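Two complexes come next, and they have one chain in common, chain A, joined by chain B in the first and chain C in the second.
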Partner chain A sequence: MFSFIVRRLLVILPMVLIVITIAWALIRLAPGDFYATERGLPPAVEKNIRAKYGLDDAWYIQYGKLMRQLAVLDFGFSRKYQEQTVNEILRRTLPVSIWVGLSAYLIALVLGLTFGTIAALRQNSALDYSSMAAAMLGISMPNFVLGPILVLVFALTLFWLPPGRWEWVEVGGIYLPNIKYLILPAITLSAVYMAYIARLTRAGMLEVLRKDYIRTARAKGLSERQVVFRHALRGGILPVVSYTGPALAFLVAGTVVVERVFALPGLGNYFINAALNRDAPLLLGITAFIAIVVLVFNLLVDIAYAYIDPRIRY
Partner chain B sequence: MPDLPDTTSSRTEETTLPAPSEAVATNEINLPEAMAADQLYGTAPPADSIGQETTGGYLEGTSLWRDAWKRLKKNKLAMVGGVVTLIIIFASLFGPYIVKAYNGFDYATIPAERELIEARPPSLLHPMGTDPQGRDILARVLYGGRISLMVGIISTFVSLLIGVTYGSVAGYLGGRIDSVMMRVVDVLFAIPYMMLVIVLLALFEKSLFLLFAALGAVSWLTMARIVRGQVLSLKHQEFVEAARSIGVPTWKIILRHLVPNTLSPVIVYATLTVPSVMLQEAFLSYLGLGVQAPLSSWGTLASEGAQNIAIFPWMMIFPGVVMALTLFSLNFVGDGLRDALDPQMRKS
Partner chain C sequence: MNQSSQTLLSVNNLATHFATEEGIIRAVDGVSFELKRGETLGIVGESGSGKSVTNLSILRLIPEPPGRIAGGEVIFNGQDLYALTNEEMRRIRGRRIAMIFQDPMTSLNPFMRISKQLMEITRLHLGYSKSQAYEHAVSMLELVGIPDARARVDSYPHEFSGGMRQRVMIAMALSCEPELLIADEPTTALDVTIQAQILELIKDLKRKTGTSVILITHDLGVVAGMTDHIIVMYAGRIFEQARTLDLFRAPANPYTKGLLRSVPDPTSEQGELYQIPGLPPDLANLPKGCPFAARCERAEEICGREYPPFVEVAPDHHSLCHFAMEVYATSKRERESRIAAPSATGNAILPVTNQTSPSNTSLANENLR
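Up next is the complex of A and B:
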């Protein structure tokens, strides 16, 4: 197990490198520069700016600089937001995105597993059909459509929750999000994953419930509860666990959209604007952090997989 | 729900136990036929018919597709989904002309009278209302459908092209090449791909072509895995051995003998890729990175509407509902096709 984790950690490094290199190559190849204005700069000014940021250096010098920055995880100052370093921006915005993303994933996991299991246990019942239809609707509904609908209902009609924005509350020196502001974004983001997880759980459970070891468990006289929770669920949620990796990667994109719907001060807008503004340090910094977060979570998922499935040994 | 444990236990015994035996029974009946058809299908294709055989007449005799059709017809949800999809496709193709004849609006028409340049709720003349520029939303939704469906179909085709080629080559060549190629797929799977697509589209001049390529490039991975799995299980069968023994070149074996046999899971997966690609296009359009004005897709329409939802709810509701309905139906068709073509693989 230990050697497996070490091996996987070693794989993460080149993968972060690949992602960063692709992003770096894209931003180098892209037309336009961060200092470009509608009217254009006097050539002398442009020359100075290019010299200051080393834009005319050979590609390997620039790439080497990037690697040094990556090694210490410090990408220096943003070029668009001149007074802030990339790390300051990340420290301010990353917690928002992570709170939204993780709470969405947890909601999706809990509700998806519940509905999927119930649907599988009562296959072909009205409950099964209705939860699967709801799941299909969740998959088919873009979250930027669901979000405004929820805002319209819960914020602008019922006035239960704020329609957007974000607030931190200090509890004993730790900053926690004000839950009122978290609910709608988290639900909006979770809908798709909830739907996928419910479908995967249902399919997985249906398959497992037919297995011999379930029949054995029943024959031993275990209660239905024990059969389901101890034996079936363990095998049934394996597809859900292996879906977590891709889900995380798409969760990142989903967060970008949801942050825009609810005007959250998260990473998403900075990410897109960094690309639009050709703000290379910011773009590469965000890319690196997200890639690391996603890859580390993938590793955790693999470890969880081994714990859940006794057949897997590393 | 006080009676929950009780009903579950009695129900599971009543309902889930017979169900598997039924499934097993259908498998046992269908499997030999399907295999026979597969083999027939693999050895029989005429030299120049790849890509057309689904419509070609010689399939008449094979029972796999007929069987699948029979099963599909029984699946009401899938059939309804199919009909709805067809209606939406025809509506996007011909609807704009009908609307034009009815009220004189196409997707870009702005009324000449000043007082008509405002968002008006649905009326007889404008069944879906108008937007703040006075444009007819029905016409825009129908036009948007063309773009959205085109993006969905072409990007899926791109992903098919990459995924099938990659997967079949990896599966057929096997050995070290295979493990390296699949390792690459694993690596790409773990990469937050959408991020790179966002970067790509934000950095370069947006064009439909770039959008197709980017979305296609995102969704070929699963396709490659599926095709590889199929090819692995097929490549040691007699018809492939036979082809190899008479000296058919490798590319020809892959193209003429293996790829046609992977068709049914590929069709299923492609059907499910179309809605997911359309959703991603909507995603990107919402962020301002997808389809650019003056063109509009359902994604751009719904995102315009989302900004005005409190004041002009119809601007979002109609495009949103039409899009959700389309994706809904396509997903049902895909699920139904999977159940019909692949009775052993009834996964979610």
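Up next is the complex of A and C:
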């Protein structure tokens, strides 16, 4: 197991390198750059700036500079936000994204597992059909549709929750999000994953409940509760566990949209702006960060998988 | 029914149905039998004959829906199992009636250590503490002949071979010293040498504990050496019911005779193995009359028209056939002529297999072609 983890960690390095290289190439290949605005700078000024940032250097010099930055995980100053380094922006925006992302993740896991299990245990009941119909709706509805609908209902009609933005509250020296601002984004983001997890759980549980060893457990005289929780759940949630890895990658993409819809000062929002502004350092910094997070999380999922299923050995 | 103190289990007119898209399948249709304490009952029949469903019905383990126990009663130790609450039934499962299943590769939970799976049952039924249950698990594994039991008790099922896993299943089933052990094809999924070991083990443990056993199998060779009584099932019904020796000596049902002839006999000069022609009937659309008629060598016009009677051909020997008496008489005659002119083959278990009348053989060959 230990050597597996080491091996996987070593694989992460070239993976990040590839991701960054592709992102860098795409930025270069796309027409225009940060200074190609409509109004245009005086040629002399632009020439000075290009020289300052090394934009006219040969591609391999620029690429080498990027590799040096990647090695120390410091991408320097943002071009758009002149007085801030990429790392400062990450530090400031990341907590917002993490709060939204993790809340959504937990909501999706808890409710998805619950509804999926109930649906499987009450197969073909009204409860099963209604929760699966809701799941189908959740999967089909993109979050940029669901978000505004929730805003319309809960913020602009019922006035229960704010329609957007973010607020930190200080509790004993620790900054926590104002939960009122967290609820709608988290629900919007979680809907799709909740639906997926519910369906995966239902399918997984239905399959496991038909297994011979469940019959054995019943023949032992265990109660239905013990059969489900002790014997069935472990095997039933394996598909969910394998899904949690890719889910995180989708979740990151989802944050980008949801933060836009709710105007949150999170990583995703800056990511979009960076792309629109051709803010290469910021864009590459965020890309590198997300790549590392997704890869590390996939590793964690594999470890969890081996822990749940003893037949798996790496 | 007569409820002698000796009777452990009595099944009366049991019927289990499954609702499917093609209609209602009568997987078990009016099965009755009795089992005395300390006895072993063999239930034989082809796949889909209702052997397993009968026994799952006894334990009320039929998945409902689509299954449904449509009628009959199961009296265990004077107690009507179908009158019990789920809670009361659970206290009987595993504690007083235990079950071993066909495929040991899939019948153990792959995510749980052997020790935990064994401890679960004694903690549940006998109220053992963790350490008591653990010690008991180790001693049960020793009892079923797992070498180095203490070191291996914490393994996962996938670390054991098939035969070992079946031993674990047996250890689990016998953990609470049940009064009745139902073994549902315990050796079918195992290779031949292991089969013999497992059967020997069940026999041995039965002698030690005095447990009654119901042994389900499609292998007549397996039941021959182990059982006191045999039930032959076909299409959810009992086709023949007799003491083991009587059944092998003089089968009174063409289906039983067919089964006996289809047991491989290595000493046979004939190259081809006999098989009963055709396939078991579709239980959703059973024909009028005898369900075996279409495959039966003895069938006559009446068989397709009228349902056969359950005839008592001799004391404690019943057969579901229009010609039960005649088939019985033929079997007896065949046996007598065999004893008069002993054959060269020494197949002690299955004396009937070698001797077939010429007409039967030619008919069988015709069907095989």
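Going forward, the second predicted complex is superposed on the first by the 313 of 314 C-alpha atoms of A that agree within 3 Å, B and C clash if a C-alpha of one lies under 4 Å from a C-alpha of the other, contacts with A are read in each partner's own complex, and residues count from 1 in each chain.
As a convention for this text, a residue touches a chain if its C-beta (ideal position, glycine included) is under 8 Å from a C-beta of that chain, and two chains touch if they have at least 3 such contacts.
Note that the coordinates shown come from a computational prediction; the quantities given were computed from them, not determined experimentally.
Q: For A:Ile20, using the defined touch cut-off, is the partner it touches chain B, chain C, both, or neither? Pick first, second, both or neither.
A: neither
Q: Is A:Leu121 touching anything from chain B or chain C once the two structures are fitted on A? First, second, both or neither.
A: first
Q: Per the contact definition in the header, classify A:His231: touching chain B only (first), chain C only (second), both, or neither.
A: Only chain C; A:His231 stays clear of chain B.
Q: Please determine whether it is chain B or chain C that touches the greater number of chain A residues.
A: The larger set of chain A residues in touch belongs to B.
Q: Scan A:Leu137 for contacts with chain B and chain C and give back first, second, both or neither.
A: A:Leu137: touches chain B, not chain C.
Q: State whether A:Leu184 touches chain B only (first), chain C only (second), both chains, or neither.
A: Neither partner.
Q: Check the residue A:Arg260 against both partner chains and state whether it touches chain B (first), chain C (second), both, or neither.
A: Only chain B is touched by A:Arg260; chain C is not.
Q: So, does A:Ala247 touch the first partner chain B, the second partner chain C, both, or neither?
A: The answer is neither, since A:Ala247 touches no partner chain.
Q: Give one of first, second, both or neither to describe whether A:Lys220 is in contact with chain B, with chain C, with both, or with none.
A: The second partner, chain C, only.
Q: Which chain A residues are contacted by chain C in one complex and by chain B in the other?
A: The answer is residues 223 of chain A.
Q: Which residues of chain B touch chain A once you look at their complex with the stated criterion?
A: 5, 7-9, 11-12, 15-16, 19-20, 187, 189-196, 198-200, 202-205, 275, 279, 282-283, 286-289, 299, 302-303, 305-306, 309-310, 313, 316, 320, 323-325, 327-328, 331-332, 346-348
Q: Given the complex with chain C, which residues does chain A contribute to the contact?
A: Interface residues on the chain A side: 211-213, 215-223, 230-231, 234-235, 308-311.
Q: Across the complex, what residues on chain C touch chain A?
A: 59, 61, 90-95, 98-99, 101, 103, 106-112, 120-121, 124-125, 156, 158, 169, 172
Q: Could you list, by residue number, the parts of chain A that touch chain B in their complex?
A: 15, 18-19, 22-23, 26-27, 29-31, 121-125, 136-137, 139-142, 144-145, 147-149, 151-152, 156, 199-200, 202-204, 206-207, 209-210, 223-225, 228, 239, 245-246, 248-250, 252-253, 256-257, 260-261, 271-272, 275-276, 278, 283, 287, 290-291, 294-295, 298
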